[in-house]
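Both complexes below contain subunit A, partnered by subunit B and then by subunit C.
Now for the complex of A and B:
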């Protein structure tokens, strides 16, 4: 698929994407702060419902009675979810708006390089955002992270990124086909948002618990919360499941992309809005 | 008089045009009816996880209402109108730019705000339909019962709140002329307003500075007023004061919104940035 790997194309795609981002600096501040702001209503809701900062009912489901660190970690990790769905999903749609899609896809560079380049760019960017958010949580909210935990945290983040960007590849391809990608990307977002333990333990409802099994975010969040909050979790089980999901989802995402790219070129609908 | 009729026709034309565009993308049209549930259910599920059930004695002690689902639902339902202001009105001009029709619209013989007003009309109707659907489904599934006495005052409060939000919407639309990335402005404003407005919690649980900030928002008065009538929530502010403050906010927000929009419109044309991305 990536015969004769062209690193220079990937580097140029990453560089171009960063240049575009720097033209809209307000977006950088937004993506760093917003996930943390989205947690605040949950903190207030918790205080209003139970009159404190710990809940025994929550502890039975989540393994920790302290709900604030729980939702904070969910919010930080969800940065990757939003990036995979929105940035990757809109990767080619944005090029349509810029008027550059036809140029890119008619160049002698295989489109998959552009897609992987965008994936790398989004991974780097999201990781930078997550690091800043974690630092905010460490210095302002007193979240405890020891250096010994950093390596396993990075390993789980890598496994998560690979899985989510596999979904992102498929989303990017589907938007070339469907065009009005907004609804489709929302659908991806809804599934990930509702059925993975970002804001609440999925065990609270049998439907969320059943669907969460198929989402990579679930296992990454269990592991990351376990590492960051010192909760019990099965390290190897979560690692292996994430590896299996990644092994399935990346080839599947690329396969969908290839098929759809071929189809849009054949039917001549590439330039349609 | 003929001028007003002329403007009203233009507003309605914009409204109808937007219905036609939305109807072209049917899956997305249907999705918009389902979207509120996706953002509402996490509040419910989070509440269930915290309480181990639906009712909260602590919530009852501070608000007089113990049903977490009913309390959260009313707050969330009213906040649907924030979408009208921040998203529909805010994105109106940016969308035309993407379609390549902004310049054509801006040379039409009506003031620019008429166009944004058309989007406001459309979005209010659309959001209203979504809210009716949402209310029907949630009240049926969760067997919610509301008090119906004071329904006219509920409508009055909602109308005043909505007019205030139109001021915000026209302000956001103005910002997008100069700043282009409208969604960042919309998202930032709606996030901040959502945090400060007592959607799923009473004002009393907010820190003092946020309680004071909340008093400048029409959504705060809208939600506490409506919840008082429909659920019997205890009021920390008297009803006449709620209505008075809503009127003041309406006047201030609409004035500031229009002033900013006119300023940004002139600025955009002077700097020649109208067609820039």
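Now for the complex of A and C:
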């Protein structure tokens, strides 16, 4: 389905996106400051709710009494999730604003390769963001990240990111169809917050627990929390489930993308705002 | 020699089968030979841009076929795209936050230019378009004319044999508009041998540039020939042009004897009434009777028909009517 994918297209897409970002220095300043600001409300929230950084009642559900690190890891992983969906979802909309959409879509490079390039750019940006977040976790909250843990962490993040590209293809397609997709993407975001263990253990409610098993983020979070907080988890089971989800979600995302791309070419709404 | 573009019985509707259905392209057929500069002329809304989008694979036709350099646009869209470059008028076809070099490098990758040839190709194009000294200036700081020059360089980055050029001089000042016209004719068509499909609603532009032109109106092609032959087709007619002050609508005009076609345009505060006629003297007295209490006549002249007069005569439409192009 991605036959003939050329690396130079991906490199140039990433380069172009970074050059455009660099043209807005204040935006870069926001990116640098925001991880620092992001962490403070979580600390205050923890203090207000449980009177400190640990809670035994929280531990009964989550398997760890460390509330703040638990939530921070959820926030870190969800950074990848939401930035991939938002950036790929709005990728062609941005090109419509630039006036370049029809020119890139009339090139011999299939549109989906351009989306992959935009996804990679976003993953790099998210990784820079996450590294700062992790440094905060290590130096302020004493999170233990040894070199031995880094490789499995990266493997799980990679499995998660690959699956996210599938969701990104579908999000880009839906944006082509409905044009203004902020409402849809926000709804998607809130659904994930509700049904995956980003901010709280989904075991708190039988419905959230049941639905969470269909969301890839759940398995990535279980694995990463297991690795970072030393919790018990089944490494291979979570890896295989994520692999299976990736194997389903990528072709499904591509299928949706190709179907909707064809439809917009029939209706003539491809470059509409 | 095989034709580079073959359009056969092409139909493209919008809102098909629903209220407000638009027949943007309504049974169009034509061929463009290799190395030909072919003009597609018509008012806004005639269907020219829709046709270009079908040829460039951005729209899927409802019926009919298009072959570009031997490839079917529906079956081999990627191969078609390797053969074409699409140039549009207006400024927004580049990344304004990037420099010319950065823009060209990006599009070179998209269009499959081998990496070891990219630098050489970009150097050549920047020299060709006289943009070398602006190579590292952000596009947003270039003038409209320079942006259009860079757009031409972008289109040529993969050296396509076929160019689709849609209203290339829109929004340009007269100097750059003339530069673009000369470049299309002498450099792209005559020196580099590109096959060019040019859409425009500037008849003088088409008359000066094109080997053949097709008149498109309401989704159909009403006439197709060389500009000379089209003008000769109404050679026995003359054009009576009255320049006047005051407003006059085409709908107010009565059906007058010897009046074969009528086009009313406004320019620089004047109203121009251009009438095709086989007897200008007789028509003039009748027209004066009609308009003398409505407008103030500034000048009267009898001229040979222009391509625009032929268009008005053959299609009954004005080139300056309508809204956005379909």
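Some observations on this one:
The rule is simple: the second predicted complex is superposed on the first by the 249 of 273 C-alpha atoms of A that agree within 3 Å, B and C clash if a C-alpha of one lies under 4 Å from a C-alpha of the other, contacts with A are read in each partner's own complex, and residues count from 1 in each chain.
What we mean here is this: a residue touches a chain if its C-beta (ideal position, glycine included) is under 8 Å from a C-beta of that chain, and two chains touch if they have at least 3 such contacts.
The structure presented is a predicted model; accordingly, all values stated were derived computationally and were not measured.
In the superposition on chain A, A:201 makes contact with subunit B only, not with subunit C. Look at A:267: by the touch rule set out above, it reaches subunit C but stays clear of subunit B. Of the two partner chains placed by superposition, only subunit C is touched by A:100; subunit B is not. In the superposition on chain A, A:127 contacts neither subunit B nor subunit C. By the document's definition of touching, of the two partners only subunit C reaches A:11; subunit B does not. Touch counts on subunit A: comparing subunit C and subunit B, the chain ahead is B. Looking at the shared chain after the overlay, A:239 reaches neither subunit B nor subunit C. By the touch criterion defined above, A:42 reaches subunit B but does not reach subunit C.
Residues 24, 98 of subunit A are contacted both by subunit B in one complex and by subunit C in the other. If you check the complex, the residues on subunit C that touch subunit A are 12, 14, 24, 50, 53, 56-60, 78-79, 81-82, 84, 86, 88, 90-98, 102, 105-107, 109-112, 115, 138, 154.
Looking at the complex, you find that subunit A touches subunit B at residues 24, 26-27, 30, 34, 37-38, 40-42, 44-51, 55-58, 60-62, 67, 71, 97-98, 180, 182-184, 186-187, 190, 193-194, 198-201, 204-205, 208.
Considering their complex, residues 25, 27-28, 31, 34-35, 38, 41-43, 45-53, 56, 58-59, 61-63, 68, 72, 98, 179-181, 184, 187-188, 191-192, 194-195, 199-202, 205-206, 277 of subunit B touch subunit A. Of all residues in subunit A, those touching subunit C in their complex are 6, 8-9, 11-13, 15-16, 19-20, 23-24, 98-100, 102-110, 114, 262, 265-268, 270-271.
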